[in-house]
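After this come two complexes, each holding chain A, first together with chain B and then together with chain C.
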Partner chain A sequence: MDEYSIGVLTNIGLFSFLALSAYLLLIAGEMSFGQQAFFGVGAYSGGMLTAIYGVPLPFAALAAMASGALVALLVGLPTLRLRGLYFAMATLAAAEMARILFELLHFQHEIDGELVGPDGTQGFRGIRWVFERGVEPLDYLAIVYSLLVTVLAAFLLVERSRLGVTLRSVGADPELAASIGVNVNRMKLGVAAAAGALAALGGVLYAHHNTYIEPRNFDIMLGVHSLAYALIGGLGTAFGPLLGVLVDLGLLEGTRVFQGYRMIVFGGLVAVLLLFRPRGLLDERVVHWLRARFS
Partner chain B sequence: MAKSALFLILGLLSFPLHAQRVQAGLACTFTGTDFVYDCVVRLARGGSPLAGAQVTVGADMPSMPMAHNVKPAKAKPGARPGEYEARLDLEMTGEWAVKLRLSGPVRDQLVLHYEFDEKGARPAARPAKRK
Partner chain C sequence: MLADLIQNTLDGLTGGAAYALLAVGFTLIFGVLRRVNLSYGAAIMFGVYFATWTSLNFQVGLAALAALTIAGAVLAGAYVERLCFAPHYRSRGSPRASSGSIAAMVASFALWMQFEEAAILALPKHLYAFPPLHAGEPLRFGQFFLRVEALYLLLAAVAVCALLHTILYRTRFGLAVRAVIDVPVAAQLAGINVSWVFVRIFALASAIGGLAGFLIAASHEQVTPMLGMWATIKGMLAMMLGGLGSLPGAVAGGLVLGLLEAHSQWFFGPQMRDLIAYLLIFALLALRPAWMTRWTSTRSAS
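Right after this comes the complex of A and B.
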């Protein structure tokens, strides 16, 4: 496999964490435009731990996930009181605040004669943990997909459990769920924290794949795409967001012949897709049909 | 398979391979065809030109770098030691993060920010550091 294909597949894997993060909130009934903030928190915290303090990547990834969960919890506490469009706007505002905080973050240390660490709008260079340990691109791809398969397995387990049913009931009708004894607020806070941790895991892996991050990497475009993946792929199963990423990046790569116009072509194709499949390709009806046919 | 996974995990927990960092410079000229640039990459390590490296040159847009990027091109050795030549076919003018992936005598990845227009390319101007 050539390096370019490995790069595209790695990007698909990295985006999938963010897509699953947005999907988790969507099935709990909340539409977040701010998951890119937690992706950024993971990228910055994980990058700082490995590049400045020399913490091994697996431990840095765990710490980044904890940071993502904590920040998501802090954002969720006030914003989850809101509903629908108001919650979406609040998450977008929180994500923009996070991006501006990244622009203000200056924390550099001299390592081997080079200043390493976040330098505001100048970005954060030298996240070289993976390169310094001789991890080949194919090995990194294997790491990303091993983690993705683990996360996906956890999703499938939860979706088939009582917790999964409760989660979907909260998403479908929070008042009805509360009337049968579900603590809706606690459930949504837990979901927000888990979604934050998941996005942060994607972020820390992204930072180490790219070696360089900057605040602009985590702007609204990333949030819109992450939400689009779940909506395009479908809300019936955790495979939906992954399909969304495949469709998105597949369309982007497949429409390269249109060069400068490819984003217009891509946008048109997404609009047509959502017109005919408003709850995505793998919606609840399709998933139910597939389960009935194959189980 | 299990053995490779074990080596990978041990590698991730090991100490870094200390090597002198590579410095890179870039000079690009507009070819006359929309968004196509001929670029010369100059690599040095410890003050001396870094010859014999395999270099691929890609570019990302700073917002959405994972989705908005151009297919990396393999650079050919240039006229002088430490120089490598590649053609970049961008999608539009503006700021691009040029990504240099090095293999061979040194394995690294360097990211340089350049502003591309009809005159060529120059290092991207960033807002001054806040004090």
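Right after this comes the complex of A and C.
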């Protein structure tokens, strides 16, 4: 495989984590405009741990996921009782605050005669843990995809379990779910934390793939893209968001057929698709039909 | 110190008047359709680019430029309305309303990306000059000065509000709009063509957006593709500060946002300016959600 294809495939894997994070909240009935913030929290905290403190990547990734979950809980606690649009706006405000805080973050240390660490709007360069350990791009691709497969397997297991059914019941009608004894608040907080951790995992892998991050990587465009991925792919199964990422990054950007017009094509595609399928290509109906057909 | 405060307040009014005008258009769509049109700013930017492109290729006066901006914004608005909002009107109020609302919002974002790329393809430079509204000196009051454009923007905001008030409370169309806002099903049963009301409200809001876009571009004397995102974010923030769904609230929200930004920029710098605005919105939503729902509490906005 040439370097370009590896890069495209790695990107597809990385942004799948973010799309899955948006998807998890969507099936619980909440639309977040702020998952990019947790992606950023993961990228910054994981990058600082490996680049400044020399923590091995696996531990840094775990710590990044924990901080992503923690920040998501902090944002979720006061806002999850809001519904629909109001929750979307609150998460947008929180995410933009996070981005500005990244712009204000200056924390540089001298390592091997070089300043390393976040430098405000100048970005954060030198996240070279993967590069210095001699991990080849192809190996990194394998790491990203094995993590993605693990996450996906967890999603599929949960969706077939009682927990998954409860989750969808909260998304479909929170009042009804509460009336049959589901603790809706605890459920939503758990979902928010898990989605935050998932986005942070994507972020830490993104930071180590690119070796350079800057605050505007994590602006509202990224957040709405992840929502769009989940929504065009479909809300019926965890494969949906992956399909969404594949269509945009794989088909449109990766093949370079629509260079210069990619946004026009992707934008039109999304709008037209949502006309006919407001819950995406693989929505609950299609998934149900497929399951009945093949099992 | 006091002089700075006064000058900041005057600057804040200038910015605030622009935000107020944007928030009025946003509020009109949200108040009637209960939908957020994320590509509102992008459609305005499209109108401004349409006018800029024309002025680069032909000799046109200011009035023609304003008309072109408004025409472009209404055209872009019609495209957004047909593609993102019209198909989901039927699902309003039904159990699937919330997924229709999300779909409409994400679809409107998708068109935002289209407008942005189309603008960059048509005029690829990062920045284009826009003819100024007023070439002379700013108004001076002793040691303070106020840009003339601010007066135009404020005047436009007041005029638009007066016009909307007349339409909403003095015409049959306004009666239909208010009926649709209160109880859409009853309005439908009474023979009001609800989707037609939506279409006209959308056109009206787009025209207001075009006017705002023209005045803003003429007072900044430049256009960039970033105008779209800027207008959407600022308009949305001002609308939320004003309590979502009230026209006087939108004007007040715009002015408050402008004043807040001018003062916090002076005291804490540009990054803190944005941080404080977002913090205020977040705190309002988290601590006083009733502030945001007081105009819309009869029907949920989900």
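The criterion applied here is as follows: the second predicted complex is superposed on the first by the 288 of 295 C-alpha atoms of A that agree within 3 Å, B and C clash if a C-alpha of one lies under 4 Å from a C-alpha of the other, contacts with A are read in each partner's own complex, and residues count from 1 in each chain.
FYI, a contact is a pair of C-beta atoms (placed from the backbone, for glycine too) under 8 Å apart; a residue touches a chain by one contact, two chains touch by 3 or more.
Because the structure is predicted, anything quoted here is derived from the model rather than measured.
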item: Clash-or-fit label for the pair chain B, chain C on chain A; value: fit
item: Chain B versus chain C as contact partner of A:279, first or second or both or neither; value: second
item: First, second, both or neither for A:104, with chain B first and chain C second; value: both
item: Which of chain B and chain C A:11 touches, first, second, both or neither; value: first
item: Contacts of A:119 with chain B and chain C, given as first, second, both or neither; value: first
item: Which superposed partner A:160 touches (first chain B, second chain C, both, neither); value: neither
item: Contacts of A:291 with chain B and chain C, given as first, second, both or neither; value: neither
item: Inter-chain angle, chain B to chain C through the CA centre of chain A, in degrees rounded to a multiple of 10; value: 90
item: Shortest CA-CA distance in Å separating chain B from chain C in the superposed model; value: 6
item: Touching both chain C and chain B, counted on chain A across the two superposed complexes; value: 104, 260, 262-263
item: Chain B residues within the chain A interface of the complex; value: 5, 8-9, 11-14, 16-19, 21, 34-35, 56, 58, 62-68, 71-72, 91-92, 97, 99, 101, 107-111, 113, 126-127, 129-130
item: Sites on chain A touched by chain B in the complex; value: 3-4, 7, 11, 14-15, 54, 56-58, 104, 106, 112-114, 119-123, 125, 128-129, 131-135, 139, 142-143, 206, 210-212, 214, 216-217, 219, 221-222, 225, 248-249, 252, 256, 259-260, 262-263
item: Complex contacts: residues of chain C adjacent to chain A; value: 36, 38, 83-84, 87-88, 91, 96, 98-107, 109-114, 116-118, 121, 229, 233, 236, 240, 271, 274-275, 278-279, 281-282, 285-287, 289, 292-293, 300-302
item: Touch list for chain A against partner chain C, complex; value: 26, 29, 31, 78-79, 81-86, 88-90, 93-94, 96-97, 100-101, 103-104, 220, 224, 227-228, 231, 260-264, 266-272, 274-275, 278-279
